[in-house]
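Below is a structure I'd like to ask you about.
In this document, chain identifiers A, B, C and D correspond to the written order of the chains, with residue numbering beginning at 1 in each.
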Amino acid sequence: MKKYIDDFVVVENRRLNHEYVILTLQLDRELPEILPGQFAEVKVENGPDTFLRRPISIHDADYDKMQIKLMVQEIGEGTRIMGGLQKGDSLNLVYPLGSSFSEPDTDDVLLVGGGCGVAPLLYLGRRLKQKGITPKFLLGAGNRNGLVAIEEYEKVGEVNVTTEDGSAGTKGYVIHHPLMKTDKPAYGHVYTCGPEPMMKVVARFAQKHNIKCEVSLENKMACGIGACLCCVTDTQDGRVCTCTDGPVFDSTYLKWQI
Amino acid sequence: MKKYIDDFVVVENRRLNHEYVILTLQLDRELPEILPGQFAEVKVENGPDTFLRRPISIHDADYDKMQIKLMVQEIGEGTRIMGGLQKGDSLNLVYPLGSSFSEPDTDDVLLVGGGCGVAPLLYLGRRLKQKGITPKFLLGAGNRNGLVAIEEYEKVGEVNVTTEDGSAGTKGYVIHHPLMKTDKPAYGHVYTCGPEPMMKVVARFAQKHNIKCEVSLENKMACGIGACLCCVTDTQDGRVCTCTDGPVFDSTYLKWQI
Amino acid sequence: MADLTIDLRNGLKLKNPVMTASGTFGYGEEYEDFFDISQLGGIIVKGTTGSRREGNPYPRMTETPKGMLNAVGLQNKGVDHFVKEIYPRIKDYATNILVNVSGSTVDEYEDVARKINELENIPGIELNISCPNVKEGGMAFGTSCPSAVAVINAVRKVYDKHIMVKLSPNVTNVAEIAHAVEGEGADSVSLINTLLGMAIDAETRKPLLSTITGGLSGPAVKPVALRMVWQVSQVVKIPVVGLGGIMNADDAIEFMLAGASAIQIGTANFIDPLVSVKVIKGIEDYCERHDVKAVRELTGAMITE
Amino acid sequence: MADLTIDLRNGLKLKNPVMTASGTFGYGEEYEDFFDISQLGGIIVKGTTGSRREGNPYPRMTETPKGMLNAVGLQNKGVDHFVKEIYPRIKDYATNILVNVSGSTVDEYEDVARKINELENIPGIELNISCPNVKEGGMAFGTSCPSAVAVINAVRKVYDKHIMVKLSPNVTNVAEIAHAVEGEGADSVSLINTLLGMAIDAETRKPLLSTITGGLSGPAVKPVALRMVWQVSQVVKIPVVGLGGIMNADDAIEFMLAGASAIQIGTANFIDPLVSVKVIKGIEDYCERHDVKAVRELTGAMITE
C-alpha cells in the first residue's frame, strides 16, 4: 500500500478524561485507503525532549469528511504534546503504515481491547459493520472513568465491559468476563489490542478453543516503515519488523509463551 | 549584589514591530535592588533547539508594582519563544547580573543606543532622571519602524534619532548626528549599548574629546554568573568575564582597536 | 544553478553530494512512495554479511537527548540473498547504490566484496569496519590500525571498484586510522559510524537495549562527527564523506566546510522521510545565495584566518 | 530516610553522592546566593595549574543540540593564588572541596599537587588528565596508558590524600586506562570529561570557537558517559564517579546503577543553579519509593538477568 506524508489540521480535540483525548484531523484532499489496524507515525513538534515520531493507531476514518481520528493516551512528553493540540494546529503524519486486521470467515467476531489498545478497534468494528457483521466488543479498564468514548463503540456493535474495581460491567480483567469464561464461545474470530498480558490470555483462550486470534503489538519504533529494523518481534519465521509485518499478527505466528 | 532565581509572570506582551516585543513581568514580592545596565539570564522553556539560558538586559523596573520589563529582539529560537509568551505565562530568571552603568560626575549625559542595545538605556535614563539629571538620548535604527518604544524614552529625556534611510531624524548612523559631529560636545559622560561597530565609533569620539564613555558588551554566555569563564573579553587586566566584570565597561579599559 | 556534481573517483560520480546512510534507508524501496529516490547522490544500503544474521533481540532502540541508540546488529539475509533477490529489484535506480559490507572475519569481508564485485550496477562498497553492535568483527576491525589494514588489504585484492571505508568514532586517533586505510588503497573514507553508548531505565533498573550498549546517532553526535571529519581531512588525500547528525542543509554544508566532499543522512530519514531531497534543495539555495559556482568549492572551505 | 552517605575512601566521605563538576561551579561562591552549598556531597573547583593561565581567546562557547562546546582552556590564576587568596575564602564550607589539578608537564602536576597537599581542608584532588582545550598536556596525558601512569605515579609520591583521576572519553579503550591508573594508586576515577567536538557557522564559514575544536558536554553526551562508567566499573575496584549530561535525579541514579559510587553535575548548573540540591532531593525520594535503605546499594545495581 502506498504510504503518504501529509499535514493534517486538528479540527477537534475532545478530552475524554485526564489522560485520553480524541483528535479529529482534517486532510485537504481525499484520504487514501486506510485499513483497520494500521497506524500513523506522528511528528511531535516543539518537544524539547522528543526526537523521533510516535506511532499512533488510526482510531477512525471518515472518507466523506476526509477526516481521521486518533485516540491518544498521554503517558510521556510526546503524547502529552498531542493531547495539548488545539483546533487549527497542524500535525504531520506518515501513514497508513503496517499490516491490518484480516476479514473474518465468520459473522461472529469478538473485539477485545484494553487501555489505548481500544483505539484501532473502533475503526475495525465500523468496517466490519459496513460488511454486515455486527461485532461484539469486550473493553477493559481500571475503573469506569477509564472506559473512554464507549458510546462510539455502542453505535457500532454490542459493548461488554470489565473494570478492575467493578465500578462498571463485570469486575476484574477481560478474562473474567462471561464471554471469555464460556466453554462454547459464540464467535469464530477474536481481534485484540491492549497490554501484552491481556492479549496473551485472550490468545491462550482462543487457541484452546481453536478460534482464530489476531493481536496488535506495540513496539519501540524509529522509522515505522521497515527501514531501520529496530522494531523486531520473534515469530515462526525469526525476527520480523512489527511496523511492516505487523502490528497485527496471527497469535499463533508469534513466539509467545502462552 | 545578591542574585536571585525567581519565576515571574508575564502580565503584558507588547509587540512593537515584527521583531521587537516588550515583556512586562510580575514578581509576587518586592523586587530586589537592580542597577541600570544589569541583565537577567532567562530560561527558555519548550524550545526543541534551545539549551542554555539567554541573557537579556533589564529594560525597566518598577518597584511599586514589583514589575520589570524586558525588551526582546527576535533573532533566533530563544528570543522568538520569549516574543511569543502570553499573559499568564511564567518565566524563570536568574538576576540581577553583572556590572552597572556608573553615576555621572556631570549633569550632561548622552545615552547612545542602537538595535536591542537601546533596552538598558531606558532604565538608566529613568534612574538618572530620579537623581535630577535629564539625559539626552541618541537612538539609531535602520528606518523609522526600527525606532521602538520611543515615547517611553521621550518621557524620560530628550530624544534624538538617526535612521539609515532618513525616514526619521537625521539620515545615517548615530555618528552622523550633530550631537556626535560637534567639536564641543555639550555632555561629559556617554553611555552606549548596541552593535559593536557603533559603540566603537562612540568610544572613539568620546576618547578624542576626553569624555568618559561606558559601553555595554554582548557576549556568548553559558552561566551568566562567573562560574564557567566562557564569556571573556580582553582588557587592560587580561581576559575578564563579561558577565561579572561587565557587561558595562569603561571603554578605555577594553583592548579595543579604535 | 550551481554545479552540484561530485566525483569521488574510481568510478563513483554523484549527481549531488547527498547520500543516505546505511541502515537508515533500507534498500531505498521503503522511501519510494515519498519521493523519486533517483534524485539522490547515492544510497548506501543495509549492512550485508556473508550469511544470514538474525541481529540482536528486542529491544533494539531507545530515544536519547537529540539522538537515538540502536542495537540492530547487522540483521540481514546475507550476500547471496542480496545478489539474487534484492539486487534485481534495485539495480535500475538512476542513482549510485552502494552496499555496506560487514563481517566477523577478514575472509567474510573478502567473500562479500567478491560477490558484490560481480554486480554491474553497484559502483562501490562501503566497508563497515565500525559497527558497534556485533560481538565479533565490526567495530573491532575499525579501532586499531593493523586490523583495519588487514581488512582493506584483503578486500582491495578482490574488489576493483570504489571502496569507501566507514570509520569508527570510538577511537583515540581517527586520523591515524584514516591514514592507514588510505595507505591500503581505500578510495574514500566515510565517518562517523555510531558512538558507543548506553541507556538505563532508572525505575526498572534495566538497560534499555537487549545488548546493554548500542550505537548513538542523531544531532547529539554532530559536534564529534564534524570534528573527526575535519581531523581526517587534514591528513588524507582521498575524499572524505561526512555524516553524523545531519538534519538540514546547514548541517550538510558545515560538514563540507570541515572537509567532506559528500555527506550522508542517517537518523534524520526517520523523522522526515523527505529530508534528503530538502537538503539537496537547501544546498542548491546556499550556493545560489553565496554565489558558489560548484558545490565542490565548499569542501574544506572553512575560514580560519 | 535513606542513608545517603558515600565513603570514597582515603579520607573522602560524602554526605550524599552529589558533587559539582570542575569548571562549571566556579569556586562554589558563585552559587552561594542561590542555596546553602554545604548541602552538597562535594565541590570540585576550577582547573588549577602551576602558574597563571589566560585561557583561550574569545569565542569560547557555543550551544549544540542538547549540549554545549567550550574552549575555556584552563583559565586560572595559578596554584599560589589559589592557596593564598581563594583557599582562605572557601576552606570553611561544610562540604568536600576538591581541587581539579592540571598541567602541561608531569612536573607541573606534581608541583600543584604538592602545594595543595598542605591545605588542611582540602580532602583530595581531581587529577585532570583529560582537558581537551589546551595545546600541551591535558588530554594528551589521559589518552595513553604510559603517560597517564607517569602523571599518577609522580603525583602519588607527593600527595597522600584522596586522588581522583578524571578520565578522557576521547579514547578507544577507557577501561584499559582506568585499570592502569588504578594500578598506580589512584583512589578513585571520575568520568567523563568532555568529548572533543567542533562547530561551524555555515553562513560565515567560520568555526564557532577560537580554538576550532572544544569540549562537548550536556545531555547529548550522556549515553556515551553512561557506557564508559559501566565499562570502567567492570574492571576497577576503586570507586567510580560518574558524570556527563546529568540533568536530574533519574540521570544520576542511572549512573549509579551503571556502577558509579557518586556523581558530578556540570553543565546543568548553568541552566538551573539549583539543580544539584534538586538531584539530592530526587535521589532521596527515589530511595524512599524503591525502599532503598542506603544509596550505596544502587551502585552497580543495574539488572541484566
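To be clear about the criterion, a residue touches a chain if its C-beta (ideal position, glycine included) is under 8 Å from a C-beta of that chain, and two chains touch if they have at least 3 such contacts.
In this text, all values refer to a predicted model and were calculated from it rather than measured experimentally.
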Exercise. If we look at chain A and chain B, which chains touch each of them?
Worked result: none
Seminar exercise, completed: Any chain touching chain B and chain D at once appears in the list none
For this session: Indicate the whole-number Å distance between the mean C-alpha point of chain A and the mean C-alpha point of chain D.
Result: 48
For this session: Round to the nearest whole Å and give the separation of the Cα centres of chain C and chain D.
Result: 34
For this session: Mind checking the centre-to-centre distance between chain A and chain C? Centres are C-alpha means, answer in whole Å.
Result: 36
For this session: Name the residues of chain A that each touch 2 or more other chains.
Result: 50
Exercise. Got the chain C residues that touch at least 2 other chains?
Worked result: 64-67, 218
For this session: Assign the assembly's chain-to-chain touch graph to one of these shapes: line, ring, star, complete, other.
Result: ring
For this session: Could you list each pair of chains that touch one another?
Result: A-B, A-C, B-D, C-D
Exercise. Touching chain D in the complex: which residues of chain C?
Worked result: 64-67, 69, 143-144, 170-172, 195-200, 202, 204-207, 212-213, 216, 218-224, 226-227, 230, 245, 250, 253-254, 257-258, 286, 301-304
For this session: Give every residue of chain A touching chain C within the complex, in rising order.
Result: 2-5, 43, 49-53, 94, 219-234, 238-239
Seminar exercise, completed: Listed in rising order, the residues of chain C that touch chain A in the complex are 23-26, 30-31, 33-34, 46, 54-55, 57-68, 70, 72, 75, 218, 267, 269-274
Exercise. In their shared complex, at which residues does chain A touch chain B?
Worked result: 45-48, 50
